[in-house]
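Got a structure for you, questions after.
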Amino acid sequence: MYKLITAEEAAAMIRPHSRVAIGGFLAVGAPETIIDAIVACGTKDLHIIVIASDWEKRGIGKLVVNHQVKSAQVSHMGTNKEIQAQMNSGEMAIEIVPQGTLMERVRAFGAGLGGVLTPTGLGTVVADGKQLINVDGKDYILETAIPSDFAIIRAWKADKAGNLIYRKTARNSNPIMAMAGKTTIVEVDEIVEIGELDPEQIVTPGVFVNYILLSKEA
Amino acid sequence: MAMDKRAQIGARIAQELKDGDYVNLGIGLPTEAANHIPEGVHVIFQSENGMMGVGPSPEPGTEDKDMINAGGGFITALQGASFFDSATSFAIIRGGHLDVTVLGALQVDQEGNLANWMIPGKLIPGMGGAMDLVTGAKKVIVAMEHCDKNGNPKILKKCTLPLTAKGRVSLIITDMAVLELTPQGLVLQEVSEGYTVEDVIKATEAELIIPSHLR
Amino acid sequence: MYKLITAEEAAAMIRPHSRVAIGGFLAVGAPETIIDAIVACGTKDLHIIVIASDWEKRGIGKLVVNHQVKSAQVSHMGTNKEIQAQMNSGEMAIEIVPQGTLMERVRAFGAGLGGVLTPTGLGTVVADGKQLINVDGKDYILETAIPSDFAIIRAWKADKAGNLIYRKTARNSNPIMAMAGKTTIVEVDEIVEIGELDPEQIVTPGVFVNYILLSKEA
Amino acid sequence: MAMDKRAQIGARIAQELKDGDYVNLGIGLPTEAANHIPEGVHVIFQSENGMMGVGPSPEPGTEDKDMINAGGGFITALQGASFFDSATSFAIIRGGHLDVTVLGALQVDQEGNLANWMIPGKLIPGMGGAMDLVTGAKKVIVAMEHCDKNGNPKILKKCTLPLTAKGRVSLIITDMAVLELTPQGLVLQEVSEGYTVEDVIKATEAELIIPSHLR
């Protein structure tokens, strides 16, 4: 069962060199309140796992601008010049991962799998140095699970059993990241009574959730 | 097994379950634990076909055809329940998100190996979700009668039946005793009323470590 | 977009040696109307992919009793003596697959993956003859995707865009099987107008659905 | 690119989309196709962040902060839309459930290879979902200007930039021409008004097969 905490308490759990999977897509569905608290903490040398690097002033871009990120696994950085600059200067180590592969590698960790075989990236630099495995006559790249210490995600509503629902395209990577944290911290707009969420409608069951805090954006 | 023995084992399992734990109870004896959760302790039960928050059996006549547990028995949903597909259900199990699984056994051994899914040449029902449960749950409890119906030990030096998983059992709860798997070996932790340490040793093939409080 | 068909038309598509993934768990959520039509067709030499072998008179057990199944990938057969008898006599070839592994292998095929790495089955007969792969110091079994020609599944409601929702524990393997058929045929209790299902609530988007028919059980 | 050229390419892409198709349009030029779907043809658009049934851009002032497409632009949902997580979204894409994907290109070659995600030493935005889309969609259409801004060919014998995927492009639609990848090679299928076959050949590095109807 989850515990209710503050954003400051959440940020304090995350330590230098923590591996942090962060939900959101181009900052939509990003846990901005938690990110702001991590920025306020100033914790450095983070490894982040994100779909996109967002913008300088929104989403995980704020962590990059504040020089708190040492390395990242990310699929798209086109909206954030600061992350490209830090990559080019060698300040940040970046592994660029195709978006679908990233989602499967994160899901694999959350689901206790060691990895998946995907055709995505065959014949490209993404395959460099990776094992190819042939199944039924087709080649696949062995892509290993991406471990994370923390998942910080954003949901719309939680009930008091920790069950989560999301809002529209703000769902994106959040349910996948939620599965993958050894510790999963969720920022929500609202916490409702048990029974207010239809059991059929729940996207992330409370079993994946360790901590919940209220968004300052809500 | 006599009802009082079942209740005794169920009550002992229940002591292992902490407030807020997510728990999967195997078919048969393990489900007895649900009847013995202490007042004030809230445990959330999973059914691996795709549900969290399993409630008690429905009153006769109120069964819902779409509400069954992994054993095929009718169930109800508690407030705060959720439904999900079987892949998500096993992501919960395999991914280490489940605090406790309790299963029956044909054999269990002093290395924490468990055999509970087939008897070659006799019965091959299949492992269902058992291999994933034993591989993935944070704590694996075996609940069973101490000996088989012919009085032969089921707690062995080494399992002879095909394994369900290797080295994953952490606790064995039987009608005679409670035994814990430790890095040093299998430790006899409790002896049930009506039995002596010597009774347990005699009914067990595995080598037992007897701690000072039982000597 | 899906087409509306009859159970007889669905059954006629399935040919000898077709590989058929069938939804349901102990016959709850099983597409009984389609199964009955396949029984009426009498098509033989089917390969089926199912969680459990159900009962002799319910679910896929009916196909087994009618000697239409040549081989199966299944995790549990404890409720069906006929399938065990046909396995022991050599009439049916059975691959017993742990339930979680079965779900991942079926999902993998639906998701275009060649397979997954799982710890389930390590040190057991399930690992026999399979490749072990070590990731970050842990061993995993390479389990390959299970291909299927058809998925036949049961949902509660479809809307006219083919989006599906399920009912309670009748959801089980259905959404996973739905992803995995080259052709996916869905038996539903009810088809509702577009807009009647909340877009947030949809479990299987219509993109996975090729044919829909109305259940005779509804 | 001039608006009329964009519209022309968009209209030509739209001709490739059939009633009932599930389609993913890449950022930029490909989105132009959505404005040219013929009356009576119902195409369902995916946004790979996790939505099927994307509608037109919202009226100014009615934007919903939680409704964006893969390019970050505000969108609306049509009746029959569905939301799902990004892993499901890419299961749709990689699993071959998407009928058509349309993407821009930096380079494309006569073997159906596509390069559209990085220029070494210059710009490395990342491939986002492009590699999965090109690998998984049933039909991959490249939509782009025939030449780069310096007038150099983008349709090459062999791509020189890092690839997005190998041998997966089936159709190339540009302001000058429509070209089809076939087992025999790259076939020039259509030449746009105002251009000759020779113009296209001159603007293309790849070897072109010129079918009889264009000779």
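The chains carry the letters A, B, C and D, assigned in the order they are written, with residues numbered from 1 in each.
Operating definition for what follows: a residue touches a chain if its C-beta (ideal position, glycine included) is under 8 Å from a C-beta of that chain, and two chains touch if they have at least 3 such contacts.
Given the structure is predicted, the values throughout are model-derived calculations rather than measurements.
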### Query
By label order, what chains touch chain A and chain B together?
C
#### Entry: Other chains in touch with both chain C and chain D
A
### Query
Based on the averaged CA atom positions, which chain is farthest from chain A?
B
### Task
Could you grab the centroid distance between chain A and chain D? Build each centroid from C-alpha atoms only and quote it in angstrom.
29
### Task
Provide the C-alpha centroid distance between chain B and chain D, rounded to the nearest whole angstrom.
55
### Message
Quick check: how many Å separate the C-alpha centres of chain A and chain C?
### Response
31
### Shared-contact residues (touching 2 or more other chains) in chain D
77, 83-84, 90-91, 93-94, 135-136
### Overlap residues in chain A, where contacts from two or more other chains coincide
104, 107, 111-113, 118-119, 166-168, 199-200
### Touching chain combinations (by label order)
A-B, A-C, A-D, B-C, C-D
### Task
In the complex, go through chain C and note every residue touching chain A.
104, 108, 111-119, 131, 133, 135-136, 138, 140, 142, 144-145, 147, 165-168, 198-201
### Message
So in the complex, the part of chain B that touches chain C is made up of which residues?
### Response
47-51, 64-70, 72, 75, 77, 83-87, 89-90, 93-94, 113, 123-132, 135-136, 162-167
### chain D residues touching chain C - in the complex, by the definition given at the top
19-20, 22, 42, 44, 46, 52-53, 77, 79-84, 88, 90-98, 135-136
### Query
Which of the residues in chain C come into contact with chain B in the complex?
25-26, 28-29, 51-52, 74-79, 84, 87, 96, 98-101, 103-104, 106-107, 118-126, 166-176, 203
### Of chain C, residues touching chain D in the complex
1, 107, 109-113, 159-161, 163, 179, 194-195, 199-200, 202, 205-208
